[in-house]
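In what comes next, chain A is part of two complexes: it sits with chain B in the first one and with chain C in the second one.
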Partner chain A sequence: MANNILLQVNDIRTVFKTDDGLIYAVNGVSYTLGRNEAIGVVGESGSGKSVCHLSMLRLIPQPPGKIVGGEVLFEGKNLLALSSEELRAIRGNDITFIFQDPMTSLNPFLKIETQMIEGIMLHKKVSRDEARARAIELFHRVGISEPEKRLAGYPHQMSGGMRQRVMIAMALMTKPKLLIADEPTTALDVTIQAQILELINTLRKEEGMSLILISHNLGVVAGMTERIIVMYAGYIVEENTTDEIFAHPRHPYTVGLIRSIPKIHEKREGKFYSIPGTPPNLLNLPDACPFYPRCDRRSDICTKKMPPLATNGQGRFACYHPYEE
Partner chain B sequence: MRTLFDVKNLQKHFVLRGSVFEKPQVLRAVDGVSFSLYEGETLSVVGESGCGKSTLARTMIRLHEPTNGEIWFEGENLLSLNYRELRLRRRNFQMIFQDPYASLNPRMTVGAIVAEPLEIFKNYGLLSLSRGEIQDRVRELLKRVGLSPAFVNRYPHEFSGGQRQRIGIARALALNPKVILCDEPVSALDVSIQSQILNLLEELQSELKLTYLFISHDLAVVKHISDRVAVMYLGKIVEMGEANSIYTDSFHPYTKALLSDVPIPDPVLERKRKRILLRGDVPSPVGEVKGCPFKDRCYLKTSICEEVAPPLEEKEVGHFVACHNWETCRKYNHEGHF
Partner chain C sequence: MNENRELQLEEVQGVSLWKDAWRRLLKNQMAVIGGIIVLLFIVIALFAPVIAPYSYEEINFDNPQINQPPSLAHPFGTDGLGRDLFSRVIYGSRVSIAIGFVTGLVALFIGVSYGAIAGFVGGKLDEMMMRFADILYSLPYMFFVILLMVIFGRNFIMLFVGIASVSWMTIARITRGQIMSLKNNEFVEAAKSIGASRRRIIFRHLIPNALGPIVVYLTLTIPSIMLEEAFLSFLGLGVQAPMTSWGLLAAEGKGVITTYPWQIIFPGLALTLMLFSLNFLGEGLRDALDPSQKNKL
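Up next, the complex of A and B:
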């Protein structure tokens, strides 16, 4: 089983220094990801889902950020302990990233071709012609017409959907083992989103990659992943197979989140369900369940100690008063 | 049902000037839109970015001057009014914006923001409210939108996105408007907060008999709050009708594709479902389009679509569509068979 594990994250913690004090953005996240597995990481703004994954690849600005603990084992190597040089050999090569905003992730001054082949030339022993051939092949795969012409152009000549295709193609240049996609379709229109999701799904299966899909949109994650991690206030509050998360959510936050989504396939009865209150302030987070102020199942203990992430069958959840299975 | 707004063949074109040697190009943001807005209803305008839905809302209250067309509000032609008269009418229609971070002046207190419309109308001599009365009204408005009246002296940066949107709503309500134009009011909010704001908008609607023009790209939200829905593509309304018939019995291939592309938060359904994947991107609204604006991405296109732009016509009572092949589309099943 052990060599089926691609990535093992152990107790990663990240803080940010601000004038008002420390912001506890990621508070001990641990999980494992198998080879060829697709997981979703969901949570709302401030849940730490992005910072956690940027921290794993040491991509947060330090300072003000600081990774204060944990290890990230990628094929057995701890990414947090590698030298910058060793890390660079993995990042952008075996692990690649797609960011949310296709408008700002490309350098406006450089030709698409330069940006496309920069990574692979750095990491693999390939000639410029070979790199270019791979870029053209990938442009065909992601549905960019006239690849040669596009390679010679600049980002501003492309629409948002087109740029996100370029980002996907770029992320696949080195045949990575792991693709981390952070809200890859949030800035796109729904018809373009559908195209891009379909594309990521197909390419993942063909190339045999693992996928971490970070999103606030449970609908997007539902069709794309096998397992889901729910984050709140820098903690994992629940993890389970995608089917189980939707069929039998255990944590009150997960339950609330699923109920809050307006669903296009259902009729509404009464008011829109909403979770009362607002997400917690991450300054000086007390040792307590971060969700208790908004929770209708809370009791005294919830205010005194963060519930441990207990394993339960194939899932995990951190709650003293979970919903029944 | 009383008609509040009656918009006829509204056009808003922007002229794009490149260098002096180039011929200026025309961007047709709103390109011949006609509809009525009835008292007490929620009419949603949906479409993808660049389809002209926001420009439509801004143009119908003359935040942009229309290029062509007519805008009637309660039987009065808004285009015949001079600027001063128009400002007075604007108390009847207010706007809520998408970005709660950009739409509130960071240097003004919450109290001043909500009081501003009242102060302006007082300065016109149209409201005789004392200072104390304005303050009372502001407190009452804050309470009405679910904020503590004690917040009057605080600044916008002290509030979360959802709270800021409440402040924007309080400001929009200050002059007792009849119509509120909501431009993507919940798009920037997290899902758990989004529903709080939607509930508030619905409560206010039934309590104050408000009429909403609701602009959104989120078809799931729109389904649940609208009486009627208008679908826009490239500056035109391509389909309009009762929300229920738009969602269950759509006549336009674009509407069908949009609906099939919304991800469903249910893994079992989502895996089974077939999406209609449209080819390509939304085309640019710059320049003239020959034939149907949707023809390049349409999966039901026939030869007539290349030549003739289909007009928006009422095919069944209250259900308008602009498509030559609407009957084929109506029978077209997502799964790919008829």
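Up next, the complex of A and C:
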């Protein structure tokens, strides 16, 4: 079993220093990810899901950001304790990222080819021609026609969907063990979204990678992952297998998220459901359940102490008044 | 009949931003003319010994040769020592252009590296580096150059060092500003995430993106450096006789401006023409590299 664990995150905490005080962006996130496993991380904007995963590779801007605690064990090595050279050898090699906005994630001044092969040339002992051949092969696989011509072009000559395909191909160049996709389809229109997700899913299975799919959309994550982590205000509030999360959500926040997915067969009058209120201000977060102001099951204890993340069967949840199974 | 109307679909070629800017530059007539004149001056400076009809230092006291007005033999006339002014102006272009371009490039190199590092790293290092630049800024730069000249002697190399050491600060500030606005772009995060080092990110990803405004500023710095050289030589701190520069020629001519005006007019014209051309080229470059700025005040 221990051999099957690729990534183990223990109690990672990240804060940002601002003029108004500390912003507690990530507040002790722990989870494990197995080899070839795909998990989804879901939460609203500002729930810390992106910051948490950027922190793992120390990619948040420091300062103002600061990783104040925890460890991130990737194949037994603590990424937070490595020297910057050792870390750079893992970034873009064993762990690669796909970012949210393909329109701005490519350097407008460099040819596609230069950017495609930059990572592999940095990490692997390959010649330019070999790197190019790999790029062409991947362009074929992500469905970019005329790869040779595209490689010679520049980012502004491509559409958003195409650029995201380029980003995906780029992330696969070095045959990484872990792919972290941070809202890979948010900036794309819906028809392209489905194609891109399908593509990531297929490639992941073919290449035998692990995948962390970060999204604010439960629906996006549902079809592609085996497990889902729900984050709120920098905490994990619930974690379970994808089937269980949908069948028996325990945390009121998860329940709210699921209820706010519009269902196609449902007849409705009036507005779509949304969780009342807004996410809390992360400045000087008190020791309390961060969800209680928006929760209809709250009681006094919720305001006094953050509920612990209790293990329950295959899953975990942090709530004093969970929904029953 | 239909054969003549066949569709001619041209294939879209990969066009880099630089090529695009180049195309826009070529459409700007004033900039192209400016560029041609600058190139012409550079060629003249390089081939001065071939082009100049006389030596620049040969003194000719034969009576009719002193202070001659422009004629066929001496198109720009002669000076008080009987030297051909046309040849002097041609040789003078060497110093003026060399100072302008070499010092400009040195200032560019120092300024871009300095500003990029300060802007990218940020924080305390940025504070320290920019305050140091501010201190240099606040020194009266002429005084600084004169001081250098006095300490190290009036030698040609010191002229380069002196002017370069006061010209890089503005470039550094512009670069820093550019880098600071660029460094939060996602492509920088993407470059970090593939394991690129800081140096690689600064020099390969950020500086090319910031180069537009820097190049424009450079074309405007070179004329100001040439003016400074002219001014220093005018004061007697620059180039030494018998070598000459446009500024020095103008200084020599100023004494006889009422009696032999061509001695100041021709070097002045050469300098003015060069400065105008560089400025037009700079304006054209600005419009070409940043089309959204065009026609804006």
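Simple rule for what comes next: the second predicted complex is superposed on the first by the 321 of 325 C-alpha atoms of A that agree within 3 Å, B and C clash if a C-alpha of one lies under 4 Å from a C-alpha of the other, contacts with A are read in each partner's own complex, and residues count from 1 in each chain.
In this text, a residue touches a chain if its C-beta (ideal position, glycine included) is under 8 Å from a C-beta of that chain, and two chains touch if they have at least 3 such contacts.
Just so we're clear, the structure is a prediction, and the values are computed from it rather than from any experiment.
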When the two structures are laid over each other on chain A, do chain B and chain C clash or fit?
-> fit
Vertex chain A angle, Cα centres of chain C and chain B, expressed to the nearest 10 degrees | 80
Once the shared chain is lined up, is A:258 touching chain B (first), chain C (second), both, or neither of them?
-> first
Thinking of the overlay built on chain A, is A:237 touched by chain B (first), by chain C (second), by both, or by neither?
-> neither
Which superposed partner A:272 touches (first chain B, second chain C, both, neither) | first
After lining up the shared chain so the two structures overlap, which partner does A:179 touch, if you call chain B first and chain C second: first, second, both or neither?
-> neither
When the two structures are overlaid on chain A, which partner does A:219 contact: first (chain B), second (chain C), both, or neither?
-> first
Give, as a whole number of angstrom, the minimum Cα separation of chain B and chain C in the superposed three-chain arrangement.
-> 8
Chain A residues contacted in one complex by chain B, in the other by chain C = none
Note: in the complex, chain A contacts chain C through residues 57, 59, 61, 63, 88-93, 96-97, 99-101, 104-111, 118-119, 122-123, 149, 152-154, 156-157, 167, 170
Chain A residues touching chain B in their complex are 44-45, 159-162, 189-195, 197-198, 216-220, 222-223, 242-243, 246, 256-258, 260-265, 268, 271-276, 278-279
Touch list for chain C against partner chain A, complex = 12, 14-17, 123, 184-187, 189-197, 204-205, 208-209
Which part of chain B faces chain A closely enough to touch in the complex?
-> 48-49, 160, 162-163, 190-196, 198-199, 202, 217-221, 223-224, 247, 257-271, 273, 275, 277-278, 281-282
